[in-house]
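Structures follow.
What follows is chain A paired twice: with chain B in the first complex and chain C in the second.
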Partner chain A sequence: MRAVRLFCAGAELEAAQLRSNFWFVALTALAAVSFLVMVSLFGLTGAYAPVALINLDGGPYSQSFIEALNGAHHSFALKYMSAEEAETALHSGRLVGIITIPAGFSADVARGITVPIDVRIDNVNVDMTNDVQRALPAAIVAFGKRHNFPGVRVEMVEHDVLPHDTGYIPYLVVSALALDAMVIAGILGAMTTAREWENKTVKMLRLSPASSGVVLAGKLGVAALVAATALGFALLAIIFVYGVVPVAPWATVFTLAACVAIFTCIGAWVGALLKRTLAAVPLLFGLAMPFYVDSGALEPTRFDGEAIWIIAHLSPVYYAVGVLEWAFHGLHVTPEPIYVNLLVLAAIAIVTAALTLGRLSKGEAR
Partner chain B sequence: MLLNKPLNGRSLPNAVSSECGLAVDVRHVTCNFGGVRALDGVSLQVVQGTVMGIVGPNGAGKTTLIDVICGLVHPSEGSVRVLGEDVGANSVALRARLGVLPQETALYDEVTARQNLRFAAALYGVPHADARVDEVLELVGLSARARDVVRGFSGGMQRRVAIARALLHDPSLLILDEPTLGVDVEARHQIWAHIRSLRAGGRTVVLTTNYLDEAEALCDRVAILRAGKLVAEDTPTDLAARTGRCLELECPPPNTANLRAALDGHSGVLRAEAADFGLRVYIAADTAPEDIVRAARKVCRVDSFRNRSPDLVEVFRSLTGEPALP
Partner chain C sequence: MIGAIWGMARHDLAVWLRSPAAIAAALLPALGMGVLVAVLTNSVGQQLVALVVKSEGRFAHRMARIIRGDADAYLLEEMTEADALRALGEQRVAAIIVVPENFDEAVAKGNAAVDLYLNNVDIDLADDIRRSVTRSVAEFDAPQLGLLGELSGPSAGTLLPNPYRVAIAEHDLRATNVSFLQYQVIPIVVLIVISIGLLGTALLTARDFERRTAKLMMLSPAGRLPLVVGRLLGGALITFALVTPLVALGFLTHYIPYCAEDSEAPLWLTLLLSGPCGWILPVPTWTHGLALFGLFAAVTLTTVGLGTLLGIALRDARLVTMTGLNVSAYMFFLGGGFTTVAFLPDWIQTVSRFVPTRYAIDGLRQALFYPDLIGFERDITVLSFCAVASCILASFTLARAWRRG
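Entry: the complex of A and B
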């Protein structure tokens, strides 16, 4: 009964403190949405690069070639433009490149004459150049196959491992939930403990006959609740704004709850070690991105080499992304079975909670 | 008086069960932090129902000694018993009987005074917490500001909230680390009044202070620390007696140096120092002031003289050889 009262007292105090720091908490929680926007922008970048298509021919072969170009793998958003408009747009930085189908293209093709397709590219980075170098030959081959031009003897027959394709942005936003948990729960957890040193109240906690662990549990419980609420908004945004609905809702909820618990506790440790909110917040932000990127958020980590894949196992985000991609899209992005990822997350949550409440509750006598 | 009123049927905490009547018993305590010796063989006993003042300049070891008594710092050597219990055992029961005002005040400054006290009441398991919070707020004169956020309080008001928190659970031993640090004169005298009321209620109080007038005004006994060592420990009156009597000789300033040189050699003179009026001379308790005045008049004209007891500032200077504390 006394433990319950202490827990509630800690929770009540933390709630009052968070209310008095409303804007800090609100802006931290806003990170949940801003990370979704960030990964969406990342997904958009380069995926819809505007490329002008100038068709000076207008004949049937040029139309067929444009269809082949549209069907080829690339990240272009083709726009029909005049030569003058395209040139102006390219020099003002609003176009990645210009593809020009020359006048007489259809007639020359019909006569069996090889026609050069002029491509001007803003090679601001090699990725854009590579994309053109992949897309145009693929379109030319597809065009040749369609019209049974001699000399093309090979074609691709695709067999997908998964029954459905998953868009890059839907893939990314799901993993952003783990990033949200890391940053928001981490910062709120760090703030909870660091404030005890900033206010010097840690001394009073040590002097009191109460169990600091129970008080801390109450305070961290409120911090975790606020983080979970922010994460809930991000989850709703993914479902209703991005239209990505989890196929395994309970696994989603469990994973997010485990992430909140883990990162609230890790944040509490960081806050206790640094003893200052101002130092803890940038550190947690700084750690979040490398752990996030290394977790399989951008693509399964196993594609990135053994070393990166092994390092990723040190981060709870790896297991969280593994479960979340399965829970939302049915994808298996880690070699480990889903139940293993779930068990690891649960184990990390239990261990971090036990270590945090056990160790931080002990007085540090000099 | 509120402090003497039994609370919710509980008895007052003055009946400490220590066999020898000591609330605090510090024996040969040494504390080393890295290469720094913060306390060096300090022994100190505080009798129940008394107010003990620990004075000394910054860095003398006052707060370390307080932390040792509270159990926040484990001494490298020596033993500490508080209210009859070994502090090293870190007993929950002992912590429940201590009320501490740390030097830093240590309040949650984002929340109200009442929220601070309610939280402290939960930590100490105070029954009927709301009523008790009202009582202590009234005691420190902050009932009207109970719902205000502590961040907006003056230093003196924050100290009073912290004192209210220390009193909340009716502690047997109250430990106040620099209770008037950084507060204005009015708040200082209000805090003094609270401490006097605690003493009147028979409570044991250990306080540290940089202000000798504060120690003189409040304490039954005073311990003087310097560089981690206990220089002296006695009643303010007996400490003054150790310094001898103070004789102020009014004489023309050009004669002061000659007079001082002459009196320094007198067997009854402990120490002499120049003052704006002439010379201040500390004389042994068994020396007649008239003898010194006669000796002085042989050297130069003495317009007047005044014989008085030294104050604690003078005692401190005499015992430590340091300039007076602020």
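Entry: the complex of A and C
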């Protein structure tokens, strides 16, 4: 009974502290939604290179070729403009390239003559250049297949491992949820413990006959609850704004709750280690991006090479993304089974909670 | 008056350098983004793919040679079928390309197939591989559809007929490609300017209110104007002090002998220097150099003015940190960080017109990577206007806030 009262007292204290820091909490929640928006912006430029199309032919084969360009694996966002406008846009970085279909294209193709398409590329960005260089042959092959031109001896036959592709933005926003959990829960957890040193109440906690573990549990419980509420808004945005519905709703909720608990414990440890909110916040923000990108957030980490994959195991976000992508899309993005990812997350939470308690009670022995 | 301005600026610089938390708040998120770009550099472009050649025929060998030759697209590993399937299951490869046993016979009949087993976990990765394999397979019947053919086939006046009846005459705008890291590091530099200028000045301003030192300053015989100007100058100096070495490093890396591709440096040294060597900026002409300086100065003053306004409005270091980090992140992404604004949907392009960092990133990329300065006039005009407006507004607001204590 005494432990329950202690827990409730700790929770009440933390709730009062968070109420007095309402704007700080609100800004932390805003940061969570911001991450979703930013990740979406990044995803929007992952495909569809803006390319000007100048069609000097206008015949049926040129129309068919344009359709093939539009269907070439989400590669081109074709813009129709005059040659002068295209030239200016290309030189000021607003286009990746200009494709010019020459006059007489349809007539020559009908006669079986190979026609060169003029392509001017602004090769300032090697990634975009590669995409365009690879997409053009894909469009030409699709064009040739559509018209059954003779002489093609080899074609590619695709066998997909999964029944359907997952869109890039739906994939990215789910992994962004793990990042959100880390930032929100981490910062609120860090604030909870760092405040003990900033307000010089850590001595009272140490001198009190009450168990500091129970008090800390109460305080972190409230911090986690607030973080979970903020994360809930991000989750609703993903479901209703992005239209990404989890295939396993209960697993999603359970995973997110576990992520919140774990990252609150990690944040509490960081706060106890640095003893200042102002130092803990930028550290968690700074760690968030590298942790995020090296966690299978953009594609399964192992596809980036063994070295990066091994390093990824240091990031708790790696395990969280592994579980969340499975819960939302049914994808396995880590070679480890889902239950292993969950066990590692639980182990991290236990270790960091123990380390935090160790920091808070440091001095009792002296 | 100049002495008072300089004294205030030096004081702010000293305070800031003695605040590790403030330095961390400004630098860590930007450095985190830098790490992100460095990791992304490794993961874009090439994909881990297994190649299984089950035929010993001459056409099968030719097909395999074409696939092996496309080193820009694949990090290829040749395996047996069983090993490849295991690797696909363990995510050691993203796809398997199989040249089947009957390949040569099928080619003779005109209906050969190359099988692609693809882990289509997300569309970006899957499309990259589809595009690459389609090109490699097409190259069998149409050699000029390969990269070499695109670059030096019809564009150099040599056109070979192909069964698809279309060839590519590619003309590149510039002699050398800019690496992904170089292209993306420009927004990171701008992010560092925003973080230091905005957060640094905001934290200094908020600190004066928290510690009630603003009243002391009002009692100083120096007068309000020199102190206000000194605060803005201090913020600008802090930013320049941290950004100048970073940009200078980008130019100095040209002179690191081990950065050359044919360097015979030991592997450990190559790995150690891969970060700095990736950060090589093209040496600009003097006109482009002046343009770079102008853009940096304008964006620095803009962020210093905005930081001062933020500090006055919030007057609380914790709130300033969280707000500053949020504002910096939005300014970075909406300004074209990690993306090219011109490639985004129209409504986002409209929003980004009101974000000063867009003009800074556009202008810096134009000055560093393009031979001319198209659009520079617009970029520098907008940034200069933002700099003047934010500094004037910040000066008036700060003077009034100090007066009221």
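Going forward, the second predicted complex is superposed on the first by the 332 of 366 C-alpha atoms of A that agree within 3 Å, B and C clash if a C-alpha of one lies under 4 Å from a C-alpha of the other, contacts with A are read in each partner's own complex, and residues count from 1 in each chain.
Everything below uses one rule, namely that a contact is a pair of C-beta atoms (placed from the backbone, for glycine too) under 8 Å apart; a residue touches a chain by one contact, two chains touch by 3 or more.
Everything quoted here is computed from the prediction, not taken from an experiment.
Colleague: Looking at the superposed three-chain arrangement on chain A, would you call chain B and chain C a clash or a fit?
Modeller: Fit: chain B and chain C sit side by side once superposed on chain A.
Colleague: Contact-wise, after the overlay, does A:R2 reach chain B, chain C, both or neither (first, second, both, neither)?
Modeller: First partner only, chain B.
Colleague: Please work out whether A:N70 is in contact with chain B alone, chain C alone, both, or neither, and reply first, second, both or neither.
Modeller: After superposing on A, A:N70 lies clear of both chain B and chain C.
Colleague: Given the touch rule stated above, what does A:T229 touch, chain B (first), chain C (second), both, or neither?
Modeller: Neither chain B nor chain C is touched by A:T229.
Colleague: Taking CA centres after the superposition, what's the angle at chain A between the directions to chain B and chain C, given in steps of 10 degrees?
Modeller: 90
Colleague: Contacts for A:Q17 in the overlay, against chain B (first) and chain C (second): which applies, first, second, both or neither?
Modeller: first
Colleague: Looking at A:K203, would you say it contacts chain B, chain C, both, or neither? Reply first, second, both or neither.
Modeller: first
Colleague: Which holds for A:L162: it touches chain B only (first), chain C only (second), both, or neither?
Modeller: Second partner only.
Colleague: Comparing chain B against chain C, which has contacts with more of the residues in chain A?
Modeller: Comparing touch counts on chain A for chain B and chain C gives C.
Colleague: Go through the superposed model and pick first if A:S82 touches only chain B, second if only chain C, both, or neither.
Modeller: A:S82 sits against neither chain B nor chain C.
Colleague: Least CA distance chain B-chain C after superposition, rounded to whole Å?
Modeller: Minimum over all C-alpha pairs: 11 Å.
Colleague: Report, in rising order, the residues of chain A that make contact with chain B in one complex and with chain C in the other.
Modeller: Overlap of chain B and chain C footprints on chain A: residues 21.
Colleague: Using the touch definition up top, name the residues of chain A that touch chain B in the complex.
Modeller: Interface residues on chain A, with respect to chain B: 2, 5-6, 8-10, 12-13, 16-17, 20-21, 199-201, 203-210, 215, 363, 365-366.
Colleague: For chain A, which residues count as touching chain C in their complex?
Modeller: Residues in contact with chain C: 21, 23-24, 27-28, 30-31, 34, 37-38, 41-50, 65, 72-75, 77, 88-96, 108-109, 112-127, 129-131, 133-138, 140-141, 143-144, 149-162, 164-168, 171, 276-279, 281-283, 285-290, 292-294, 298-300, 302-306, 308, 331, 333-335.
Colleague: Could you list, by residue number, the parts of chain C that touch chain A in their complex?
Modeller: Of all residues in chain C, those touching chain A are 20-22, 24-29, 31-33, 35-36, 39-40, 42-45, 47-48, 63, 72-73, 75, 88, 90-94, 107, 110-128, 130-135, 137-142, 145-147, 150, 154-155, 159-174, 177-180, 183, 317-319, 321-323, 325-326, 329-330, 333-334, 338-340, 342-345, 348, 362, 365-366, 369-370, 372, 374-375.
Colleague: List the residues on chain B that touch chain A in their complex, please.
Modeller: For chain B paired with chain A, touching residues are 33, 67, 70-74, 90, 92-93, 95-96, 98, 100, 102, 104-112, 115, 118-120, 122-125, 149, 165.
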